[in-house]
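In what follows, chain A forms one complex with chain B and a second complex with chain C.
What follows is the complex of A and B.
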């Protein structure tokens, strides 16, 4: 335990060095996110403008977050040291044996095995998920947008401006937000239920007694979803363009006389994404339902037959409730997945047709594709973060309701 | 009665055939275009005028602008590394949550759940600047870290599987003097082959199909692109006429291994989806 304490102290020293050498100069600007704008200074001798480096608000914020994390770690290890020493004193008083370093290590493989196993995953989680998310949540309270781009310009704290902008203040942004929110919800409902019902029907069809080569049919449908979406969806989106293959085929057959604006007319584009999402989604639901259908206990049907139930009746009173019950959690997960269904929308229409009354968005944009566009194309990070937090709120409310209603989460120990 | 049955059977098969054709048309179109000799994405004739193997050859020989062989090797490298790391991390986390009981367990599980609900794109800018700060931007290592960094969040299915392995196995081993370390490696893992395979295949496929994180991290460093981002670049407005058929050829080459893996994965997919509820 003495060696353990030494190791802790070494870690403390390293953290302290990190703090004073590196963290301090960033965290001291945390309150303002930097004061000195980058300047162009006229250099008389060389006859050119020279750049005088100013503060970089983004780096200040990013490294402040990391430094705060380091401080928390520092305090935590300090607590561990105190705890360790206390324990040693206690053991000493009772005259008991103080654990050797080897015994501490052995304990890490048994009694405290969770610490050993969780160490690496938790470090990556904190570095690549937790801290970046905290950073982005903080961004939502700044004015980090396209006109405040470091290193050229500074951005600063603006409190709740972004939130009020989205919900009340700025009419274009409010209009865009509620427009997109409405379509996102409509889309998620349509996409989930079309796939659910039709996928269930397809599974029942394939599972019918008279259908031969069941496995082959299933595989045929699965091939289409196994192809990476960026391939299949890009291909379909190019085929749906005015000069694309679908229009060419329809023109040739004489069904239409001029190309249909599949992806440029709002209503048509919305119908297209829902229909093509069926092409992607039905095989998935079919797979799920096939597995469920095969697992329905046969004795249920046998006893129903003894009671004189017909085929239709046993379907309605056994198959259907069983399937709905088993797939209920997965359905909510799918619903949440559809709210965030980036690929289908982005690859097919890229959110288009572009809407003039929207703020940097199109008529098929979901909240998540709007967020992506704001981040990558517009560099409007503050607004994007605000929307991200809102998506998080929708998703977490939906998920928490589900997780609280799944028995298996509560009774996880029962079956072991 | 028998005749009636036969009619139903024929009807069912005809209907399924029709549906299968609808589902396979885009796949067929992809393969057809990859062998088409005329260039361009938009042709008035649907059936190619002549067939060629050049699109495939060109992918591997014409590497001036788009270096497909290099992308392929990049992706393979990233996929193998992130598959190894992700699988190990995920299984470790799943085992801890399933078998070990400690004070912060519930709290950690809840935090993981909450973190998983933030849209992934939200943090990618922060990740990019973090990578830049430690000098890893535009490198393959950064991609590996990004793909495997969230492994601790995807423990759910593996945990569900570990939950079904009887506790009596652990207890028997403990009586024989095994510690938890040995139980994990020698008892739990060998009994969990399906979930190991499932986790590994999923992690392996991810880098082949992601084009978003690659765009953010690699920016315009074409040489470090993965196939997904590379192919995606081939069909943007500037390149689509010249490279459309090459895109199709490349897409076919990438799709074949993924389709094979995916078909293998399907039986685990079902158990994963239903695992949560069937015990409830």
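What follows is the complex of A and C.
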């Protein structure tokens, strides 16, 4: 126990050293995120403007987050020490056995094994996911954009400006956000359900008694999975260009007289991405449904037939409930995946056609591709971070609500 | 016994805390020492031979030449022990990679002139203060202007070929045809050929507006100024719409032009990077000329353009500013630029190299030089591209929308912030 406390104290000392030697100079600027930009001083001898390093808002924010985490850890360990000492005093009074260090260690492999097991995942989760996310979330409350790039220009706290910009203040940004949000939801619904329904129909068709060479058909459709998604997407986007293969073929055949604006007309581009997404997605749903179909007990159909049910009746009463029940959780995952379906949109249209009434976005942009453009092309980190928070809220609320209301969760025990 | 132990532990932790504070004080003292020693180092630099490590960024294709020139520089400057660290960062990525972590970025790096605003605002670049008059004299005025911001030179002009002009098929178009856009369209329509221009790319789209005297630049505070919605801009936009509605018009990126020229495309607008492949396709029919004039408000107006440069900049975070500047100066001097043209074919910004026989006889660079009389520097920020693309795409799609309203929206987005 004493060795354990000593270890705790060593940890406390290390944290304190970290705090005073490293964290303090950052956290002391946390309120303003730095005031002194890099200074220029004329050096007559060398004939140059020498730079005196100033503050860097981004580093201040980043290391402040780490320092605050260190402070919390410090307090937590302090509590542990106090608790341990109090326990030792109590045990001592009662004259009971105080655990030796070895026994404490042994306990970690036995009674407290869950702590040992979870330690590594938890630590990495906090270090590589939680802390960066906090850092990113904090950026949403600053004005870190293209005109506030440290070390030349520092950024600072602006409170909820970004949030109000998106919802009320800035008409272009508001219009863009809601326009893109609407399309994102529409896209997610269309992309999920077209794949769902058509994949199901395809699976039923292939599985039908009258269809010969079932394995061949299945393999043919699965071959399209073998080609990496981004390759087929880039190829298709090339083929759909005004001078691309599709237009050239249609022109040669005399079906059209001028190239069709597949990816430059809003409606056509939206239809194109949904249709091409089917090409990418249907083989996967077909595979899932084939598996489910083959697992439906044949007796069910036989007894239905004896009771006089037709093909349609047994489909509606047996196949459909069975499939929906099993695939509902996977469908939610697909839906959420489609809200954030970066690949299909970015590689096909890059969000285009761009719109004059949108802020740095196009008519097929999803929230996530807009976010990407704001970050990578525009360096508008604060706005992008705000949008990121909204995406998170929308996705988590939607999926949690739906998830808690589907049959497979409510009647979890029905399938054993 | 236990109690004394506990109090001992507590005392130890107190001491630890105090020593933590003590550590802080001593580190502050260390910092002061560091500063002093830093300045001492600087003082001693001019007298004795020292180790200088410089990190240099260049594009993948330029790496070999970069190494060659850096090694030559080291030979000619034996007063220091040089170590060069080469990084593959193309010009287009320079700004983004720099801003990720300025302290870890290269000491000397090349960037295109359209990034100069962001880089200067981030205080990334050393002003050129040594030899500045000489450098301004040695390089073309256009390239010096491109490398300057608010009248201060922020880098060493390296190339001056980031512009565009007209490529044409001599078997379809005559030298007279390519003087006017109307002439080109007429000849192309007669032979059933197409005229290529990527109107839905702000870089090319701007040539109509610049040609008709519109402004697109940044003011002293870094705010973008754009008057494309003026009377002149409206005239230019009408000309763009007419061009897009012409039967011979075809759009698309460079690959469309490179693939189609000589077949169904008779001419197109692009830059020096397309030169090789177009030469290959057209062979003896290869032609390059300055951009044509276009009919605008009843008059013939010369199309303008952007002329960009690649510039070598010196990172303000470098430990060896003077040495980095010397290297940047060397890499952009007459000799290096001549070698760069010889090896890589990049158009030089140096006056002497630009007027040399080899450069002047290159048809592409000759066309670029002619066009550069009507070109402006690309002092614009990132807010321009997306709205400009949106505007161009609408015209390409033969939209019948009100041009004035569209231009108002464009300007609001471009010059809004």
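Points worth noting:
As a working rule, the second predicted complex is superposed on the first by the 390 of 416 C-alpha atoms of A that agree within 3 Å, B and C clash if a C-alpha of one lies under 4 Å from a C-alpha of the other, contacts with A are read in each partner's own complex, and residues count from 1 in each chain.
Assume a contact is a pair of C-beta atoms (placed from the backbone, for glycine too) under 8 Å apart; a residue touches a chain by one contact, two chains touch by 3 or more.
This one's a predicted model, so the numbers in the text were calculated from it and none came from an experiment.
Shared-chain residue A:241: touches chain B and chain C both.
Using the contact criterion defined above for the overlaid structures, shared-chain residue A:228 touches chain B, although it does not reach chain C. Taking chain A as the reference chain, the count of touched residues is higher for B when chain B and chain C are set side by side.
In the superposed pair of complexes, A:283 makes contact with chain B only, with no contact to chain C. By the touch criterion stated above, A:256 is placed in contact with neither chain B nor chain C.
In the superposition on chain A, A:205 makes contact with chain B only, not with chain C.
Within the superposed three-chain model, A:6 lies in touch with chain C and out of touch with chain B [touch as defined at top].
Of the two partner chains, both chain B and chain C are touched by A:376. Residues 241, 243, 376 of chain A lie in contact with chain B in one complex and with chain C in the other. Remark: chain A residues 2, 5-6, 9, 12-13, 16-17, 19-21, 24, 37-38, 45-51, 53, 85, 88-89, 92, 146-147, 149-153, 172, 241-243, 261, 264-265, 352-362, 373, 376-379 touch chain C in the complex. Here chain B touches chain A in the complex through residues 5, 8-9, 12-13, 15-16, 19-20, 22-24, 26-27, 29-30, 33, 41-44, 46, 89-90, 92-93, 95-96, 100, 102, 105, 108, 112-115, 117-119, 121-127, 129-130, 133, 145-146, 148-153, 160, 163-164, 166-167, 179-181, 184, 208-209, 211-212, 215-216, 228, 231-232, 235, 240, 244, 248, 251, 254-255, 258-259, 262-263, 266-267, 269-271, 273-274, 276-280, going by the rule given at the top. Contacts from chain C toward chain A in the complex involve residues 2, 5-6, 9, 12-13, 16-17, 19-21, 23-24, 27, 46, 96, 99, 102, 118, 120-124, 126-127, 129-130, 200, 222, 250-252, 256, 259-260, 316-317, 321-322, 325, 381-383, 385-387, 389-391, 393-394, 396-397, 406, 409-410, 412-413, 416-417. Those residues of chain A that touch chain B in the complex are listed here as 58-59, 62-63, 106, 109-111, 113-114, 116-118, 120-122, 124-125, 127-133, 135-136, 202, 205-206, 208, 210-212, 217-232, 234-236, 238-239, 241, 243-245, 248-249, 252, 279, 283, 287-288, 290-292, 295, 325-330, 340, 342, 368, 371-372, 375-376, 381, 384-385, 388, 391-392, 395-396, 399, 403, 406-409, 411-412, 414-416.
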